[in-house]
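Have a look at this one.
Chains here go by letter, A, B, C, D, E and F, matching the order in which they are written, and residues are numbered from 1 within each.
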Amino acid sequence: MKQETAVSPAADLVEYYGKAASDVYFQRAQKTLAGAHVDAAVAMDFFSSKAGVLCGVDEAVRLLREILQEGDEAYAVPEGEPMGLKETVLRVRAPYSHFGVYETALLGMMSSCSGWATAAREIVEEANGKRVISFGARHVHPLIGPVMEYSAVIGGCAGCATPLGAQLAGLLGASGTMPHAMILLFGDTVKAAQAFDEHMPDDVLRIVLVDTFKDEAEESLRVAEALGKRLRGVRLDTPGERGGVTVDLVKEVRARLDLAGFEHVGIFISGGLDATRIREFEAAKSPIHSYGVGMAISSAPPIAFTADIKEINGKPMTKRGRIPGAAPNPRLQRVI
Amino acid sequence: MKQETAVSPAADLVEYYGKAASDVYFQRAQKTLAGAHVDAAVAMDFFSSKAGVLCGVDEAVRLLREILQEGDEAYAVPEGEPMGLKETVLRVRAPYSHFGVYETALLGMMSSCSGWATAAREIVEEANGKRVISFGARHVHPLIGPVMEYSAVIGGCAGCATPLGAQLAGLLGASGTMPHAMILLFGDTVKAAQAFDEHMPDDVLRIVLVDTFKDEAEESLRVAEALGKRLRGVRLDTPGERGGVTVDLVKEVRARLDLAGFEHVGIFISGGLDATRIREFEAAKSPIHSYGVGMAISSAPPIAFTADIKEINGKPMTKRGRIPGAAPNPRLQRVI
Amino acid sequence: MKQETAVSPAADLVEYYGKAASDVYFQRAQKTLAGAHVDAAVAMDFFSSKAGVLCGVDEAVRLLREILQEGDEAYAVPEGEPMGLKETVLRVRAPYSHFGVYETALLGMMSSCSGWATAAREIVEEANGKRVISFGARHVHPLIGPVMEYSAVIGGCAGCATPLGAQLAGLLGASGTMPHAMILLFGDTVKAAQAFDEHMPDDVLRIVLVDTFKDEAEESLRVAEALGKRLRGVRLDTPGERGGVTVDLVKEVRARLDLAGFEHVGIFISGGLDATRIREFEAAKSPIHSYGVGMAISSAPPIAFTADIKEINGKPMTKRGRIPGAAPNPRLQRVI
Amino acid sequence: MKQETAVSPAADLVEYYGKAASDVYFQRAQKTLAGAHVDAAVAMDFFSSKAGVLCGVDEAVRLLREILQEGDEAYAVPEGEPMGLKETVLRVRAPYSHFGVYETALLGMMSSCSGWATAAREIVEEANGKRVISFGARHVHPLIGPVMEYSAVIGGCAGCATPLGAQLAGLLGASGTMPHAMILLFGDTVKAAQAFDEHMPDDVLRIVLVDTFKDEAEESLRVAEALGKRLRGVRLDTPGERGGVTVDLVKEVRARLDLAGFEHVGIFISGGLDATRIREFEAAKSPIHSYGVGMAISSAPPIAFTADIKEINGKPMTKRGRIPGAAPNPRLQRVI
Amino acid sequence: MKQETAVSPAADLVEYYGKAASDVYFQRAQKTLAGAHVDAAVAMDFFSSKAGVLCGVDEAVRLLREILQEGDEAYAVPEGEPMGLKETVLRVRAPYSHFGVYETALLGMMSSCSGWATAAREIVEEANGKRVISFGARHVHPLIGPVMEYSAVIGGCAGCATPLGAQLAGLLGASGTMPHAMILLFGDTVKAAQAFDEHMPDDVLRIVLVDTFKDEAEESLRVAEALGKRLRGVRLDTPGERGGVTVDLVKEVRARLDLAGFEHVGIFISGGLDATRIREFEAAKSPIHSYGVGMAISSAPPIAFTADIKEINGKPMTKRGRIPGAAPNPRLQRVI
Amino acid sequence: MKQETAVSPAADLVEYYGKAASDVYFQRAQKTLAGAHVDAAVAMDFFSSKAGVLCGVDEAVRLLREILQEGDEAYAVPEGEPMGLKETVLRVRAPYSHFGVYETALLGMMSSCSGWATAAREIVEEANGKRVISFGARHVHPLIGPVMEYSAVIGGCAGCATPLGAQLAGLLGASGTMPHAMILLFGDTVKAAQAFDEHMPDDVLRIVLVDTFKDEAEESLRVAEALGKRLRGVRLDTPGERGGVTVDLVKEVRARLDLAGFEHVGIFISGGLDATRIREFEAAKSPIHSYGVGMAISSAPPIAFTADIKEINGKPMTKRGRIPGAAPNPRLQRVI
């Protein structure tokens, strides 16, 4: 599949956005207006239904660059900035016929991405500067997984799990340790850790998952003894059936590693983490190196965006219930 | 963009799912296992973290067909069926090396789609047999909009807004009336309605949006007088700033249309509808023809799915916290 | 009906208060005490069951002036002052036989009036200095409507709807715009407005009700165009079935009037307003000229008052559960 | 004061209702319509904002009889009947000019009275057939006290405290025992009881208030010994400072009276009673003879009534937000 | 310490109850009454402040047997029976001087014991017939620990932890497995289990605690392999820091034991269990053999008992607030 | 019964603590370890499950003095000090065989006593320096009543009701007034008060209970007139059936006593007092001399204590879920 969202959409994607993925009533409006020879220069404002972190507007502008024509204009608030409730974050000034059918795509890009970026921001702010890694690609359809991860990084995550997500976000590479499946196939965590150490390139961190077979504290000590100084950290991903990862568990594993002389081994945790739980760990000053977050970001609901015509041929005009005229917003920058 | 999800994924999509969109640690596990010459026949069970409507499993099976090899097996619960909490809905029996790196894609397909289908089912069940149309493509990224709409139809919606969504779901065509923008460009609802009537093919229903300029009851009567028997219905989409669509408004518009002899004109409503509000309309026996639903379906969170190895080389085996052995489930059908 | 409450009660009212409207057990006590030749100089304290605005005490004192005799004394806190919980606001020092049967009337005057004045004060304090007009006479029996309106003005209202209410409160005249009924009879808001303008004396403000037939914003513009500079304001009284009057509606009507050059037209709102809703409008800095308040004042519950004998023949004495002796209160002023 | 509400309003009351106590905007509408020579036969429906007991409609009809003219019609639901939410309980068919200015009075009569009757009904239904007496005249302005008591009887009370209230309601006489003040003046409950017994006519029940000086149980026994078989009952009105009247207190007083052979002495209670507390007494099968209720009835808020024009010159017509046309209601009876 | 509560209190205990442990004001009353030569035959009723399970009355009766004299009488509801709110469960008919100073002791025996028995009953009723063992002696002062355990058995527990508790309750012996301390001293659970098996008599059940060093599932298998058929069960007492004992943990341990062929090994759980948690286990049909309960029984608050004189020299008499006369109760049986 | 807890436990109590009242599994562990010739020097830490006031540790140390041997060590936080959540308040360093079987007793002493002391402290802190007397011995089994009272005094109570409780706490004597039973036997409160005055030694305060027969205010005046300057105070213990003791009652009794010239008579209250109610009295600046508190202290739940081995033969070691090694606590003082 062609995925060129970081540069400019391929021609077939532009066509897809304007036809296959566009609400059919925009296409019917286009046909009706053309049949009646009605068109006009409009100012259309895009704004969100709640405050948050704006994301997806860069991709929207890239699409507009493909479809707007000479003399048309667009203004936008920059990607990753905070946005206020109903604040205009994108404005298009152009004949309606130039871009009307793309409204579905333009709104959708900002809705999904801002939802994920806003959730990520809320979580990252609880982490007190510690690294938060997005691990939730598995909870969204793979067509959109890398875009979700890009949005999480815009929201403040330090890393993400898929190679394309990392590439879209301009990171050096994706982040990850090892799955339970691999350890099960080796039948023993220490054997799995040794094989991983042998076959991975040096730039892959040696972080070993320690909850597959044995008590986490016991397994951490076994792995630390086996890999010694090469071990960068252990990952705790204790399942809910075993109480999940808790402040007490982290404290104890840290204490037992230290007692055995393994102060160099970091602790990485994952499993059902969200803003509330990270706040608890930080409030308890848990000796955690970084957090892996899944559903709390990937299941964040989209933030609904709306596009309203506010001027027609230079005159304030809008539908009932809204204020006519393009609302002044000094944060808008000319982008086209 | 190539979108062949209803048939079988194109080759470049398969590669995309296994590399660009796959969690990197599965790729590292693949390399480590290969380097250590470790592999085994496994039974891997896929199950969800809550009850709902299973969706996306058909697409998952299409992907498995591309990657599994002779002798491998797969079993699934049928698309659109209810699924229980932690019930195994997909089982793969194959050497781990044949499909391990696709876990991200397989889980993601079912997570997103089941989330949307489950939300749609809940809403449709409140509607007492009236048609519910999915109008929420605009709230999700356009790469995934048609898939969301397909899932909404699997969940019970009678129609959806995008042409590709309709095609994936096997519908005759997409559904839609007219946007506020078109009416604003015409400057008058009656003029817009007349042009729409003139330029649309006969199979497009004449349903006119009546809240753009005037009071809905007044506008409904104006439109009904202008289009007469050709008018199929009016759509109420009153903005929240004007109180939204309410039971009282629908009742009054119905009464005024009837008093004027327009019993043939149906009432279609949209705007922030969800299960709770539809239940209220139905409890009040509102004379509504069909419901247009957006965010309540399109913003539904994905339902997390998990994949666990349950057997290795025929022996029950799994990680700590889970029950070893493939759980018997008579609802699973052999699909590969 | 003779209504002279602002001066002194007519003789037949005094008799009415002491017989027809007096609790019969006071009349029986009077007869028993007289039969047994028992009487005594008492100090009787009147106090309320909760804090609020004292109202009705002036009328009570006027009644006492008619019934007390030479040498009797009365003390009161001034009308319209705040009163504390259980604070003595009226004290009578006289033989019990002089006034015992009027206890029902004295308590009732203060109970009803203080209830209304207290509610009005609470609302007026939310309005940030904007005018609040009492419009609730229709919710109370007409025998008491003007007294309710008098109390609302004591509580802080700038105007009220009935001529006698205005007279009792010392206002120049009653306040009011036009009812829906008049507009319905004219069949069009503009025609009604023009007739109103033609037939009303100049001192009646031209404020036109704009929600009878059409969308309020549309109708406001039609009326403003018709009356021009003579139009003082529009009144929004949108029914609940249409969402009621909201912050957004006011903001939009203001914007559309201003865009059309009608900055001189004020906005008056009414319909289910109470302290909470006025606080919301003021918090949103709504461009509102004045508030019309009905039920929130007129349905305010009375505040129960109690009268206790505290001294008999100069000695502290009272019933079980109360503190004997007239409680010192420097706010009491000699009134008789 | 002339109070003829049970027969027909005196001429000066009719004028008072149409001028002094009428919302001024009805009078302005009257003048405008007359100036513009606009009038029409209308059907005006009166309905309440919540379900309850209809009261005050008889008085409203008596007023209409004074003002309607030959050929005009009125229909009403009978006084004291239950009424539904928004059910039309009064309909006038007449030229608007005949009755428009009386809308304030007509609504107000039904609002206040229905509020009180509804509260009384709710309380009486909890009392399991025991007598409930309205004692709350003291909490409302004396101009309206007897009307409140009339409404309480319509709602189901067996008696009330003021002579005029009793007369309006068609009772033989008002109900009452003796006030604390009388006992304080006698200085001893037994002396007060003996004087009361001596000076009251035989048809006044000998019920003695027993909480003024001593413990209620002790005082009950003293009084019973003093009056013997002539004592009909004791009234408990224990103040909140002493815990109020409770189930336990009633039970104990009953037991101590019975132990001493005074089974014939009934127990009457009062003091802050409402539906909830009466339910508690009845649930505990308290041996209570009758309940005296004050604030729970007299402070009941009015129930807002609304009057809407529903037809003009025979054609369905009404304001925005309402259903045009007089709503059919088989419970309406022709009264004029 | 002499502990003869199951037979009759030793002489020094009787003296202790009447002096050292008796409220001093009873002793002062005794001296005052004697000095004034006042005494009388009384009926004193003992009743509780809430419903529950009566316990401690047997001990109270044993004390009364030591102190009452010829001709005195006592009546009681049997030990372990349900008791109602304020139901008389013990009645003494005797001269007050015979037993007045023992009121503190008599009340205290029933208060503490009924509190514990009531809590135990509530828990046992949730356990669906499975054995509940009282393990909470460690949470109460050791002077009272065995009495608490006796009460728990009266409430329905099948066993308790202290030898004297078991003896008082008539059980064959105390219940217990092994403490963490013992396993820590052995340094390995298997070694500890083998030593326990070697040194314990045959009538001690081989139940091994499996959460000291390793994951519970892993340790259960190790122990089962070591002891084979001699192993009666494993005890799960997982600390809160590791998530506590959960439904999922029990289910998994059961499954792994069964897969390995150890169906004969039972599962015993403890650690913070109360009625709510036992209900959850039973609702989930957890394969649990028996429950060990501590704090939920041992920290149960005492149930306050009161003793009231109800008759003096055969006449009904009591203090204010209570009903005079001994209340009839057919459940009372003559015990002295 | 031998009760020497304030000095050192008698030999038979030591044996009782180690056998009859010890959890049997400690005795089995002792036997198993001895059989296997396993023992070790351990550090065992005792800590509580919530913050509070430490009490019972003195008694625990007295027990340890009887059982530890030469070279063994113990450290403790002082009796009556605040203790933190999980803070080590007692540490024993000795071979496990020296003290293992006494764990039940050691924990139980601190659990019960700290529960009572903590509740007392919370209540005393609300009383603003006024005296709080523990009156709750009657709610706990008499074997433990004096220990409860000792704990209440450690928590801050100024007095207690039982002679042994007072002795354990080092007070001069127990506190108490007179019971209702004594007054009932005299048949009149004044007679009872006079006899009490005659027969009690001078050091017993003349405080008379005034709610037995008459209204408290009336009875207070009668008693004050009878005893004059010898009367130190009245006690209000009004039963709940009569509303209990309230702020208003105290205020009125104070006012009536003062009006009659009895300013020297103090007011003592009791009856269902707890921290919340005392806070209300103090907030109202009630003129109260001292508070008698029962259930609010005596029914306080024990605070669970835990004992963990933290070192074995000098090496950090503990069970899963806990941090190995004796936690440093500078508040610990060497006591053995």
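Keep this in mind: a contact is a pair of C-beta atoms (placed from the backbone, for glycine too) under 8 Å apart; a residue touches a chain by one contact, two chains touch by 3 or more.
Quick caveat: nothing in here was measured; it's all calculated off a predicted structure.
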Shared touch partners for subunit B + subunit F come out as A, C, D, E
The larger set of C-beta contacts, choosing between B-D and A-E, lies at A-E
Farthest chain from subunit C by C-alpha centroid distance is chain E
Note to self: subunit B rotates onto subunit E (CA fit) by an angle, in degrees and to the nearest 5, of 120
Per mean C-alpha coordinates, the chain lying farthest from subunit F is B
For the copies subunit B and subunit C, the interface residues, called same if over half of the numbers are used by both and different if under half, are same
CA centroids of subunit A and subunit C: separation to the nearest Å works out as 59
Between the Cα centroids of subunit A and subunit D the separation in whole angstrom comes to 66
Chain centres from averaged Cα atoms put subunit A and subunit B apart, in whole Å, by 21
Residue ranges of subunit E touching at least 2 other chains are 213-215, 238, 240-242, 248, 252, 320-322
Among line, ring, star, complete and other, the chain contact graph is other
Each pair of chains that touches is included here, namely A-B, A-C, A-E, A-F, B-C, B-D, B-E, C-D, C-F, D-E, D-F, E-F
Contacts from subunit B onto subunit A in the complex sit at residues 1-3, 10, 12-13, 16-17, 19-26, 28-29, 31-33, 35-36, 38-40, 42, 44, 56, 96, 100, 103-105, 107-109, 111-113, 115, 135, 137-147, 161-164, 167, 173-186, 192, 195-196, 198-200, 204, 211-214, 238-242, 294-295, 298-302, 304-305, 308-309, 312, 317-322
Seen from subunit B, its contact residues with subunit C in the complex are 213-215, 218, 238, 240-244, 246, 248-249, 252
Listed in rising order, the residues of subunit E that touch subunit B in the complex are 215, 217, 248, 251-252, 255-256, 259
As the complex stands, subunit E meets subunit D at residues 316, 320-325
